[in-house]
Each structure stands twice: as structure tokens, then as C-alpha cells.
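Sharing a structure, written as C-alpha cells. Questions coming.
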Amino acid sequence: MVRSAIASATLALALGVGLPAAQAQEKVVTIGAHMPLTGSLARSGQTFNEGMQVALRMCNAASPKVQVKVDVIDDESTPAKAVSAVEKLASSGSVAIIGGYGSNIVGPASDASDKLGKVYITAGAVSDELTQRGLKTFFRINNNAGYQKGIATLLIDLKPQAVSIIASTKEAPTLLAQGLEKDLAAKGIKVTVHKFDPAITDFKPIINKIKLQDKPDIIMMSAYENDYVGIIRAAKVLKPQVKLMVGTWSLATPKMYTEFPDLMNNVVGTSFLPFPVEVKSEEGRKFAAAYQDMYKKEIEYLATLSFVETTLLCEAIQRAAEAGTLDKGGLADEMRKTDRDTMLGRVQFDQTGDNPNFALSMGQHREGKIVLVSPKAAATGDIAYPAVPW
Amino acid sequence: MSDTASSRLLSGRSLAMAGGLVVVGLLPLAAGASPYMLGLLISSLILAGLGLSWALLGNLGGMVSFGHAAFFGVGSYASALLAAKLGVPVLLAIPLAGGVATLSSLAMLPALRLSGPYFALAILAYAQIFRILATEASWLTGGAAGLQRFPGLPTVFGFNFAERHGSYVLVLGMVVLCALIYVVIRRSYVGIALRAIAESEDATRVVGVNSTLLKTWMLMLSAFIAGMFGALNAHIIGFLEPDYAFSGIWSVMPIIGAVFGGYRSVIGPVFGAVVIYMFDQVIAKSLIPVGHQILLGIVLAGMVLLAPNGLAGLVGRIFSRTGGKHHARA
Amino acid sequence: MLETRNLSAGYGAITVLWDVNLKFRSGALTAIVGPNGAGKTTLLRALTGLIPHTGAILLDGAPLKGKTWDLAAQGVVMVPEGRLVFRDMTVEENLCLGAYPERCRGDLSANLERMYSFFPRLKERRSQLAGSLSGGEAQMVAMGRGLMAQPRILLIDEPSLGLAPVIVNEVFDIIRRLKAEGTTIVLIEQNTRIALSVADDVHLIRTGKVVMSEPAASVDLDRLHDLYFAREGQGA
Amino acid sequence: MTELILQALFSGVLIGSVYALVALGLALAFGAMRIINLAHGELVLLAAYMAYLVESRTGLEPYAAIPLALAVVSAVSIALFMLVNMIRDHRELNSLILTFAIGIILTNAILLAFASDMRTTTSAFLQDAVSFGDVYAMRGEIIAFALSLVLMGLLWWWLKASWYGRAVRAVSSNRGAAMLMGINPTRIETVSFLVAGALASFAGVALYTMSVVQPAVGHALTVKAFIITVLAGVGSIPGVFLGAVLLGVTEALTVTLASSALQELAGMVLFLMVLFLMPNGLFGARARRG
């Protein structure tokens, strides 16, 4: 009994050793990823995951010599579990980690990753503090400044007298609201910020305050998906005399329009791509096609973010693997050499790992289409202004 | 307390239990557990400590709390702020944070008059209020953006607590220490009175036990322990924000662990928290990657239905069936 | 006719009532007297199935079937002490609940009117919460509620407890009237004098055992009191 | 300013009426069985997802889902009752934990079945604005409010005038005495869990038409319902309605007069103050201490 077990184990070992030898020219590299697949941020995590999978498929097809595969772990939006995930991924051979969503998760997870000497890249954490820690292996493609710049550019171009910001007390929306308040006030625009607890469901009292007291030209929503629906619904009921509703993440997406056609028309949010997709670049077209093929839906903003970060990481891995520095800690250096046009525009990484070029386009829902309206260079159409969903 | 009294309270058996706990606890180190495993174990031990603090209040005070996140969160913030803003050494900041959590528990004294679910949910309300206050007091706590630049665990005499093995030993030591404190109180005259209160409040009022005072002490002690584990966790994780520090997880997981292990015994909450957390993270998560808490719910419901005294009760029953009767009341 | 054979009952491991054999004649008023803690209420609780028992309880020679809530349908109705009214329901709602067994639901308003003729004071207070009544009124509600179930056998628990003497007399006038109407009544009472004044049969229970059973007419009050108070210290 | 306050009051009353439906179910089950059903919010959520299912699959208005919601939620309620009934003689804690565990199971079952996307009605009819002078509401909210009033009226009548309803109150008031009156308490408890489930079904569908649901909101609903029962005190439907409206109005006025970030805080502080200072609740008849 024991002997046969040993025999079969030996056999398996021999075969296992034999296999890679047979396919010597194909090197398989594993990376890890931790995402919130459950909890309130689960939808973001799922979309991240989809973009990532498409990126790997395309990257592997483009460079068959080095195949990159990914292990994904649910971090349940808790820091300790994200740290555990990083450690588990590192111990099971991942050469790099793709990070999750939220600075509170990414902070500790990237710390752990740094201690283990693994490259960590994220597209879901915008806090400035993250890049002030002096980590050598930390990279991110987007940051608060970029969002702020994208939205501020649009708002300042429209020359409103007054803007009301409705901001969730969650981390990223708060940071964005603070930054925008400063930018807009510097241009002489009157800004009022209304912070709200994410547990809120009825936004009529806030909207009514804005309608009767602030009387702004534009309402800016620094919040998440379910908040947008509540806010726009309340605005639709109370009909404040505003000229535009603007939001941020996950707002200017085809999905929002399909689900809430009555609420979304003329609303503006951050976006990279118009819809239907008219991507100028070859890469963008391929991405859209592959995404449609794998998930039977239109690409979304978060999927694009994770597509870009994964593509950059994957290419750096392939470069390092071919140069033979992958096992010698050369990946971080390869990452730092990144300089490439992506669907987010040009991406480079500075000494802190941040992408200084990051800035956002703004897209407007228009009868089921999304038109890029700002900045001028990226625009695919003129903004409808004044225009509201009601 | 005289020497004889303390030796009676800390009997050979409880010291043996503590020793056993340390030995069992050190096994993963001896076995060369990966940082990943150690990380999971550290998280589970933090829940174990929190579970002890919860069971102390539940078992001795007869008060079920649904809001231990309140103390945990106050402890985390207090320690991080003391270390970052006042430069207090981390190992000193941790017990001080326990003290701050104790102070915060004084705000809950009016709740001691309440019974059953009313007390449970009043504490939950406190946890929510503290969370909102931490979000609003951004001048102190950094608000929603959180705190991330505060010192981690230090290196003492060349022993690095910040590194996984070191943190593990520190957290394990804290859990054993708290378990011993719990044992001492349980065995003391006070503990006997307290358990009598938990059984029937009216009866002991007649006997002349000042139950409100004793309950107050238990609430404060429970808050102290919970606050210390919150502080430990903060320094290990290195990031704090209100939603995390006061998360419902810190209220719920210790209850699940304590009920699973058996909240009436000392060892139950520790054992339960470790087993249930490892089960959830290692087994359940690999079976159902998304929504694995459903297994946690099923295990918990099954436990309450089939073995209401938890694992400890179950083990006790098996022991008593095989003859070792005195184990049944462990 | 209701009867117990070797009825023992208690709480958990503690037996309070030992081998009680009693017969309650139809149409008669049987009083069970005894000092506080003798087991009178335990007897009632066992009879109504609120606590488990050994031995037998027979109704018309057949074992009494079912749980507590099945008794009312069979005409065995208990009037608990007045504190056990539904305090946050009105007087009339309390009375209505007495008619809960399906056989009594028929003519609810006529039934109610009958109760109000028994207890005119309750008619004045019909929409008042039972919890706000005086002790005597609450006792009347409890009795009226029991009568709404149109009992064949009415078990009454300590109707005089905590009531002023005037009210006690009033309550017992009603008991007399019920008896005159032919209802079989089992009366649990601490107050021997007043119990004797209405009873047909008397049983004395002490320390869980029946120590005397006699027709009320032949009971000598002094002898009863001797039995009642003998070694009371142990009886408690 | 008056306009602001009027709108806040109005919004508060509308949302409060739906809170009241959620709270009534919790209070009813608590009254009969003395157990806080910590899975009650999840029952409401389950009904909301049934509304989503029907609306997204058939394109009908969400209220068409009520038969389905009633069937599913009743089945779950009965299963829940049978489990809780198994351990009724244990300590209070165990039944709290059990219902809590069932809540976890339901939340995750919903997550597995419907994913974590937020859901809310897409009906143009229900989302339309209606105005009464200076105050505005969504049509769905007005319908939910009316529905809530009707249901509360029906429930009030049922508890007052039907045999089962009276029996439910009798069991809540004094279980032992109720048994002596010929009331089978287990059957009455089953009935009250069923009625609580029915209320949860309506509440869930109403919630879906006026607010956004996600698998994680069940727990928050339970807490809110509990707060309302504390505000109301035990045992009166008008009390629960007033308590719910008070909570809704307090939240809305906090947003209007102070900051929207403090909305939750105001609710919690109100809860604690009533709990500590008015042991019988604002409108209740009975003490809860001891």
C-alpha cells in the first residue's frame, strides 16, 4: 500500500518535472490579484476582474513565449484579509500583485507586498498618502489629482456662478470633494459641499436645500452608483433650477443607461470611451471586441482601468522575463521604464510609483449614447448645456 | 488579595491550561507556518481576544453586546493617535488605548439598566455613534480619509514585533494573559456573584450583591480588553478609517466565535474564534469564493440548534460520557 | 365528573404533590383548602396541564385529552387569579377571549350581555384597559372571561387573594350564583371560613398530600384549623 | 425656510410609513414569541428582490410581484419559525444568535442568486414626480404610503376584531392565561410569523419602488425596525406608525437643519434617549425592564 503510493508519487513527480521540459519555450508566470468580490464594493471588484482577465488574454496572445496567469482572491473589503491575500499569493509564487479597491485596503496590502518584495499595482486607490510612503514596489495608474483635474476642467469651462457638491463621507468621494472645492473656489465659483452618510436613501431633503438655498448652476455628485440613483431621482422629483448634473465613477457607463434610462439622460460622468465605442486606437478596439466576446457586455470604466494596469504589468513581466531579470527583482525596474499610450492616455511612473499624466475625460449620457465632452482634445462632441434628465 | 487567595484562584489547572494554550499556540511557529498562515492566525487571535472580552461581559455580566466594535474602534484610534501625535511608545500606547476604551464605556452606563436585546442594540447604537463621530472629527482622526502614517509595532531587545512571527507571539501572549485574567475573575467571589447575576438578577439582589456596580466593572474590563485588541490590530494593519475601525465585523465575528466555541467557558471563545475564522478563510472561501459567509451562517445556526453550549460543551459532553466527569464543567 | 388518581406533580426534580386522589362531583362546589405552599396551585396547574404530572386525570371516566389549550374546548375552564388578565386589552376584549373555543363563538353579544348582567361594573368599564382596573374588578374580569367559555367545570384559583373584604363578599356572591345555576366548580382557597360557606365538599391539602376530605356540612371548623396549622413550619 | 421644513416633514412621513411596515412585522413576531427576529430585515430584502425579479423578467410593475413575494417570504418565515421554536426553551441569546445566523444565510443566498448589484425600480410610472403645493414626492412613495396606511388599518382591524388577531394579542399579553382560554400558542406564533412575513413582503416591494436595495441592507433594516419598536413601546400599531414617522422626520430635519452627514447620528441618539429616559417608549403601555 505504502509502497505503491510512493511509486505513484514518484511517477507523478517525474511527469511533473517532464512536462515543462517538453514545452520549454513557453514560460508560465503567475501574478496575484485581490479584489472585493463580496460586500458593498463587490460590483467594482467584479468589473475589475473582468478587465483584468481580458487584458491577460490579449497580452498572452500577443506574446506567446511568456504566458501570464492570475490567481484572484476575494479580499472582502477588509484590510486584514487583503494582507492575507497578498501573503498567500506571494507564497504560492506570484511575481506581482494587482491591488483592490479603496485606499484603506490598498495601503496595508501594498505595504505587505513591499515587505515581500513584490511589485504591486493598483487602479482603485486614489489617496495621496499612498504614494508618500516611499515604497519601492508600488505603482498606480490613477490618482485623486487626475479625477479632480478632469472634473474641474469641465466645470471651469462651463463658467457657472455656483456649484453644489453632494459628497459621500467615504474616503475617495470626500477627498475629491475637498480638492474640487479648492479648485473651483480659486476660480471665483461659489461652492457649497453637502456631505452625506452612505446609509442615506432619501436625498430629497438635501436636494431641496440645494434648490432653495444654494441655487447653483451645477450639481456635482462625488459618490457611488447607488447614491447617484437616489440623488438624481430626488432631483427629478424636486426639479431644482440647475443646468447640469455631474458625477464621477461608474456613472457615465452604458450599463447605467440601460438600467435607468429615465434618470441618466444628459448626466455627465468620468469616462474614457464614448459609446458606442469609437476607439481610435487599435488596442481599444480589440479590447472592446474581446470584452464583448468574453462577457457579452459593453466595456465599463472600471474594466478599462484594470485592463490598462494589467496590460502594463503583463508587458513589464514579459520584458523582464526575456531579459532574465524577473527572478532577480528586475520587475520594478521594468515597471518604471513604462512609457506608453493607453486608453487612459500616456502612462509613466514617477519615483513614487504614481502616474503624473493621469487625467480624465468626461462623458455625457445622450439618448443611450455616451459623448465625450471634455477635455477638448478628447471630445467626440459638444456638451449639451444646460441639460438635465428631467 | 493575599498570596493564598491568588494561588487558589490561579490554580494549577488554569496555569496548565494557559501553558497548554501557549504550547498549542506556538506549534504553528515550530511547524514553520507561512506568513500567510500566520497572518490568518493573527487575525483569528485578535478576534479571539475580542471574543473573550465579549464572553466576559456576556457570561459574567449576563449582558449580550452587539456593539463591541465601539470599544475596538475607540482602542484602535486611541492607540494610533497616541503613538502618532504624542509620540507615546507603541507598547505603552496599547494599554493606554485600552484605558481610553474603558473611559468610552462609561458613556454606556445608562444602558446597564436595560435587559436582553435592549442592551444588545443600545451598544450597537453606540458603535454607530462613535463611527459617525470619528468620521466627523476629521481634525483629530483624519475623517473618512483615515489615518495611515502611524508607528507599527516596535522592535524590543532585537525581537521584531512588526514582523509576522513577532506579531503572532505578541497577540498570542495577550490572548493568554486575558484568558488568565478572565479565569481569576471567574473563580473569585466576585465572579461567583456575577454568574449568579447572570442566572437571575432578582435572586442576588436579595442576597445583597450590588449588581449594578459589578456589571459596571465587567463592562469596563470588557471595554479595556476589546480596546487593547483594537489597538494591536491597528498597529499590525497600519491603516485606520472609521468604517473599518468600527466595522460590524468586530461586533459580529467575536459573537460567532464565542457561540461556536462555547461562550460559557474561558477557552471556548478563543478556540471558537480561531476555528471559525480559519474555517471561513481557508475552507469555506475555497469552496464558495463569493458568498462563503453562507457556510458561516449555516455552521452557526447548526451549532445553536444542535450544540447550544458550543464546541466546549460538545467536547465536555464527550468527555463526561467517557468517564472524565470533571471535564464537563470546564 | 372530574377525578384524579394517584396524581403526582412538581417542578423539575422536585415533587410537590404526592398521590392525590380526588373526586369532584358534578353540579357541586368542591373547595380545596390548605396553607400557603401546600400544593393547591400546583394541583390546579397539573389539572390544566401547565406542568407535567404522573397518575391519571379522568373526565367522565375517560382520561383528559390534549394540552392545556384543549381543555377549554372540553368544558374544563380555569379562572386564574385576577392578576392574570390580559392587561393591555380592554375589559370587553378580555371577555371575548373567553369565548375563544369554537363551540362558544356562536352568540357572542348575547354571551357578553349575560356577563354584564353578572358584573354590571364591568359594563361601565368595558372599553377600559384591564391593566388599569382595581384588584376586585380584575378578578371579575378573570371570572367573566372564564364563564364566557361556557364551562362544565370551572376551576377557580384563589379568588379572594389580595382583595378587600367587601369585594371578597361580592365575588363569592357571584360564585354562589354560579353554583345555583348548576356549574360544577372547583375552588382553590386559602380562606377556609369563606370557602366553607359556599362549598359542598372540602379537601384539605398540606405538604402536598390530601389530609382531609369531607362534605362541607360535617366539617368542624376548629378541627379543620387544627389540621390546617399543624406543623405549618414544615408545610411551607 | 418653511418650504424646506415642510418638504422635510413630508419626506420624513413618507419614508417613515414604510419603516413602519418593516417595524410592525418585527414587533408582531416579538410580541408573540418574545424573540427579536434579527433576520426580519432580510425577509424584507427577499421580497424586494422578488419585485426586482418580476419587474426585470416580465416588465410588469413591481407590485405585480406581491403574490410571489408573499409565497417566498411566507415559506422562509415558517421555516424560520420552526427552527426558532426548536430552541425556545434556551436562553434568549441563543434565539438571537439563531435568527442572526439565518440573516447571514439569507443575505449570502441573495448575494449568490442576484449578485451584489444595487437594484431599484425602473418603472417610469412610479418614478414620476407629483406635487402637493410646495411639497414634492415620487409617485412610488405616495403609493407606498397609501399601501402602508391600508395595511396598518387592516392589521389593526385584524388584531382587534378577528379571533386569530385577538389571540395574537392575548399570547403577547400573557401566554399562560392565553393557553387557559383555549389558545394554542404555537399555532398563534406561527400565525404571527406568517403575518409578519406578509408585512415584510409588502414592505420589501414598497421599498424596492422608492429606494435602492443591495444584499447588504437587510441588517440595517432590522436595526431601524428595532429602533422604531423602542420608540413606540410595545403593543400599539399607532405607536409604531408614529415612532416610524418620528424617526423619518428626525432624519429628514437633521439633513435640513444641520448636516446630512449627521442623519444616522440623529436617529441613534433619539433611540438611546428614548431607551434611557422613557422606559415605556413614547406611546407604549408596558415597561420593558426587568
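The chains carry the letters A, B, C and D, assigned in the order they are written, with residues numbered from 1 in each.
Everything that follows uses one rule, which is that a residue touches a chain if its C-beta (ideal position, glycine included) is under 8 Å from a C-beta of that chain, and two chains touch if they have at least 3 such contacts.
Computed from a predicted model, the values in this text were never measured in an experiment.
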| item | value |
| --- | --- |
| Chain nearest the overall Cα centroid | D |
| Of all other chains, the one whose Cα centre sits farthest from chain B | C |
| Interface with more contacting C-beta pairs, comparing A-B to B-D | B-D |
| For chain A paired with chain C, centre-to-centre distance based on mean C-alpha positions, whole Å | 76 |
| Inter-centroid spacing, chain D versus chain A (mean Cα positions, whole Å) | 37 |
| Centroid distance [mean C-alpha coordinates] between chain D and chain B, Å | 32 |
| Residue list for chain C, restricted to those that touch at least two other chains | none |
| Interface hub residues of chain A, defined as touching at least two other chains | 38, 42, 169, 197 |
| Touching two or more other chains - residues of chain B | 132, 135, 290-293 |
| Pairs of chains found to touch, sorted by chain label | A-B, A-D, B-D, C-D |
| Residues on chain D engaged by chain A in the complex (per definition of touch) | 3-4, 7-8, 11, 15, 111, 115-118, 120, 122, 124, 127, 129, 136-138, 211-212, 214, 216, 220, 251-253, 255-256, 259-264 |
| Residues of chain A that touch chain D when the two form their complex | 38-40, 42-43, 46, 169, 194-197, 199-202, 204-206, 208-209, 212-213, 225-226, 229-230, 233, 236-239, 259-263, 390 |
| Complex interface listing, chain D residues touching chain B | 36, 83, 86-87, 90, 92-94, 96-98, 100-105, 107-109, 111-112, 219, 223, 226-227, 230, 261-262, 264-265, 268-269, 271-272, 275-276, 288-290 |
| Sites on chain D touched by chain C in the complex | 160, 163, 166-167, 169-170, 173-174, 176-185, 235, 285-286 |
| Chain B contact footprint on chain A (complex, rising order) | 37-38, 42, 73-74, 78-81, 83-84, 87-88, 90-91, 103-104, 107-108, 111-112, 116, 127, 129-130, 132-133, 169-171, 174-175, 197 |
